Amino acid sequence: MTHISVLTEKRISVSSSYLAVIAIVLSLLSICLGIPSLAAILAIPSIIWGADTVRRIASYGLGTGVPSIGNLSVSIGILSSLVGLKYSPILGVLIAAATGFIFGVIISRLKILKIPHFPRLITELSLAGYLTLTCLVVGVAKTDLLPMVFNGFLNDDVVKALFWTGFIAAIYWASTLAIFHPFNAGLGADERQGRTLRIATVTSGVTICLSGIVRLGNAGILGRPWMVNEAIIMIAIGGLIWIYGLISLYNACRREAASTLWTGIPGRGGLE
Amino acid sequence: MDFLILIIILIAIAIAGILISIGTMLLPIGGAPAAMFTSTGIATGAEMMLTGSGITGILMSAVLFRENGLIVMVNAGLSSAIMMSTVMLICNFLAVYGRGVPPALYTREKDPITGENVKIYITPGTTGHGIPTACFISGIIGAFLGGLGGALTFIPVFRLLVIKALGLTPSIEAIFSQLIEVSSSNVLSSIVIAATIALGMFLINANITAYAIRGVIEGWWDPKFKNTPRTALACFLASIVFGCITLLFIL
Amino acid sequence: MEPILIAIGVLALIVGLITIAGWFEDAESDIGSQSNPNSQVQLAPQVGTIHRFFNKAISGEPVSNGMWCMTAGTIFVALWLGWNIHPLISIPLSCGLTTLFHMTFATTAYLGRITSQRRFGQPIYIDVLVSHLPLIGTHGFMVTLTILTISYIMYTASTSIIFNADISRYIGYPVAIPMLTLMLGIISGSIGSSTGDTHYGGERLYQHTVYGEGVSTKYYGNITIKAELGWRNSIDTVWFCTKYGSMMAGLCYGLILLFDNFRIFLGNIYGQVFLNVCIGLVIVFMLFLVNRWIEVWARRKFGPYMENIKLEGGK
């Protein structure tokens, strides 16, 4: 058997504050600008930021509780996102941050979870969830190209497009899986941030592709054929990011695994 | 909008949070070890099992959307209890015929309900296997409370949305009494919004309790059950906070 | 035709389909080794047991099953309501597209988890990846197909007219299809995870330990890696577990929907909601009696724990 070298240090490829700043600035800007395809594509920084924050929380010892923390934070995100949809995205951001912080304080004061800096981490995670959800909702249901800073866009069309069809469940659950799956899939003794964020690229590509299909459906349901242009853009770019992510993940894993074999007998080597 | 109605809806959502939390603590949850018959209880995580049974309750509330508030809650609780009883029964069948182990629990020498000696049936090196009678009863009560909590979150939100859509004035009777003949097609959006909000609240409360349980719990006699007041308080406070946001949206 | 007759037919169809959904859902989690017993497959390289299983770690089964069923429901509604494609075409098409999503997540999970076990020497076997992925996709296709069909039937039963009869009084869930598939998928996942997985984790993964006792913690990680012929992989697992564990999971889900809908059905025929509650209590009581019987029977038949009399299978 070949000599296996242990990856000694836990290198961080990208700094977390850098990711946070990029995600908040880009996603918030795209929501306020109000161009649907741009908003959906700029959900990618938020998903990657969320996956990185899950990684930081879970490194304090959550074990199998990784999907739970993802579910928790995106649930906080969807409740704030509904408010932001109705009133204003800026109000939604403030509510997401405030409720996330209060929630973190409740949990750490009552000693349910003993994780250091928990209020700050859960605030970041609920913000990431809120930004992802709102970017995708804007991408899916917005029919015009007007900017929206201090007004919501909950008119009859949007209620029909999101709630009568039931597509809000799609956005909710796809965002949940996109945020917590990367760390859960890369869990292990030799987990590395670079590989985890590559998986986050794959899941964000999948989510944007799904949002594109939803927008395609909304174009038919609402009877507005010009929504199809943005839908095609979203599906195409989502698909490209999906395939690119898969290829880069495969290359990284083939390089970094103990060995990559076509087949073999466990413990006795095999064919390449 | 009458201020009293807002307070009552907020309290309803907060009480639902407490019921969900107590319901989860009563379920006999085995976690990952129970899948290998190393611990007593249902072989899945706490929040997963409660979400499964709570969603059955929410579905039943959606089906019976025309009825009286109390009837809907009892029916949702019963749906949840039927689901949990069937799951626990089939778990026992799999333990007995799939692996050949009789049900046995670990934290007590004698079964708390039937009084039989269970210590002699445990495999050494494990902390019980299968679902004995006391865990079964604990599970039924826990699932009933969970379904009740889910329905209690669903009903006020749904009724308020329907009342606003129909243009009537909200009042306590309108929220908790029988609805006039409304066809299903008119209320589809309201059901989806209420179901999303109920699902979100459910996941938040169930996850808080799952973190407090930290893996395995057998029933009300388990030492971990002493954490219930603290957990119920956390769920109460969290439900109030998120109830306020929900009210911001549906008003 | 009479509404009650159509409603009874719909109920029978639903129960049959959902049994298949539960069956294939548990089989799909056995193919990929998902959820609770996956902790053993994850632990195995750490104690020195290199294996050829597929390590698909996409969170717990309820969440991931909800995802596949929800994706199928979403694409279906986009095609059916948006572009008026007939359900007979859009249902298989949406389920087929969902398998792409499913296989992507499975690939990322396998590659990610095995690479993170570099220091224990577990290799990535490409033939395991390539041979298991189509099977994972197929089993997922069956689950999403049945659950999407059921959601479509229940939605149509509650909102429109079937064969000139309005059966929304008796049967039907008035919930939009993506939300309904999400809910049915989550319930399916939690049932398959709590019932069928015990057969996989307790019996098949530790088949070389003695039948008749729980798996004690001293065996943890030493899973059975040799098969009936050659070295075991997850396809051998699903061949075994479909015969009992997955079948019981399907039976469980079928019984739950049968009891629930039968209860509502009977209550609505007589117009008394109070009847629903009585029937529900009777059902719970009967289930409790059956559980008590099986517990007493097992304890009397198997007796107290005895020391192992040197019977051991080959590892």
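Chains: A, B and C, in written order; residue numbering restarts at 1 for each.
By our rule, contacts are C-beta pairs under 8 Å (C-beta built on N, C-alpha and C of every residue); 3 or more make two chains touch, one makes a residue touch a chain.
This structure is a prediction, so every number in the text was calculated from the model and none was measured.
Visitor: Counting contact pairs per chain pair, which pair wins?
Guide: So the pair of chains linked by the most contacts is B-C.
Visitor: Name the chain whose C-alpha centroid is farthest from the C-alpha centroid of chain B.
Guide: A
Visitor: Let me have the rounded angstrom distance from the C-alpha centre of chain A over to the C-alpha centre of chain C, please.
Guide: 26
Visitor: Distance between chain B and chain C based on Cα centroids, please, to the nearest Å.
Guide: So the centre of chain B lies 21 Å away from the centre of chain C.
Visitor: Where does chain B touch two or more other chains at once, residue-wise?
Guide: 32, 45, 188, 192, 196
Visitor: Two or more other chains in contact with one residue: find those residues in chain A.
Guide: Counting only residues that touch two or more other chains, chain A contributes 64, 71, 163-164, 166, 168-169.
Visitor: Scan chain C for residues touching two or more other chains and write them down.
Guide: Each of 39, 60, 63, 175-176, 179 in chain C touches at least two other chains.
Visitor: Can you tell me which positions in chain A touch chain B when the two form their complex?
Guide: 64-65, 68-69, 71-72, 75-76, 78-80, 82-83, 86-87, 95, 99, 102-103, 106-107, 110-113, 159-160, 163-164, 166, 168-169, 172
Visitor: Can you check the complex and tell me which residues of chain B touch chain C?
Guide: Checking each residue of chain B against chain C gives 31-32, 34-38, 42-45, 48-49, 51-53, 55-56, 58-60, 62-65, 67-68, 71, 74-75, 78-79, 81-83, 85-103, 116, 120-126, 128-133, 136-137, 140, 184-185, 187-188, 191-192, 195-196.
Visitor: Please give the residue numbers of chain B that touch chain A in the complex, ascending.
Guide: Interface residues on the chain B side: 32, 45, 47, 188-189, 192-193, 196-197, 199-201, 203-204, 207-208, 210-212, 230-231, 233-234, 237-238, 241-242, 245-246, 248-249.
Visitor: Along chain A, where are the residues that touch chain C in the complex?
Guide: 1, 4, 6-7, 64, 66-67, 70-71, 163-170, 173-174, 176-177, 180-182, 184-192, 195-196, 199, 202-203, 206, 210, 213-214, 216-221, 242, 246, 249-250, 252-254, 256-267, 270
Visitor: In the complex formed with chain B, which residues of chain C make contact?
Guide: Answer in residue numbers: 35-37, 39-40, 60-63, 158-160, 168, 172-176, 179, 183, 186-187, 189-191, 193-203, 205-206, 211-218, 220, 244-245, 248-249, 251-252, 255-256, 259-260, 263-264, 273, 276-277, 280-281, 283-284, 287-288, 290-292, 294-295, 297-299, 302, 304-305.
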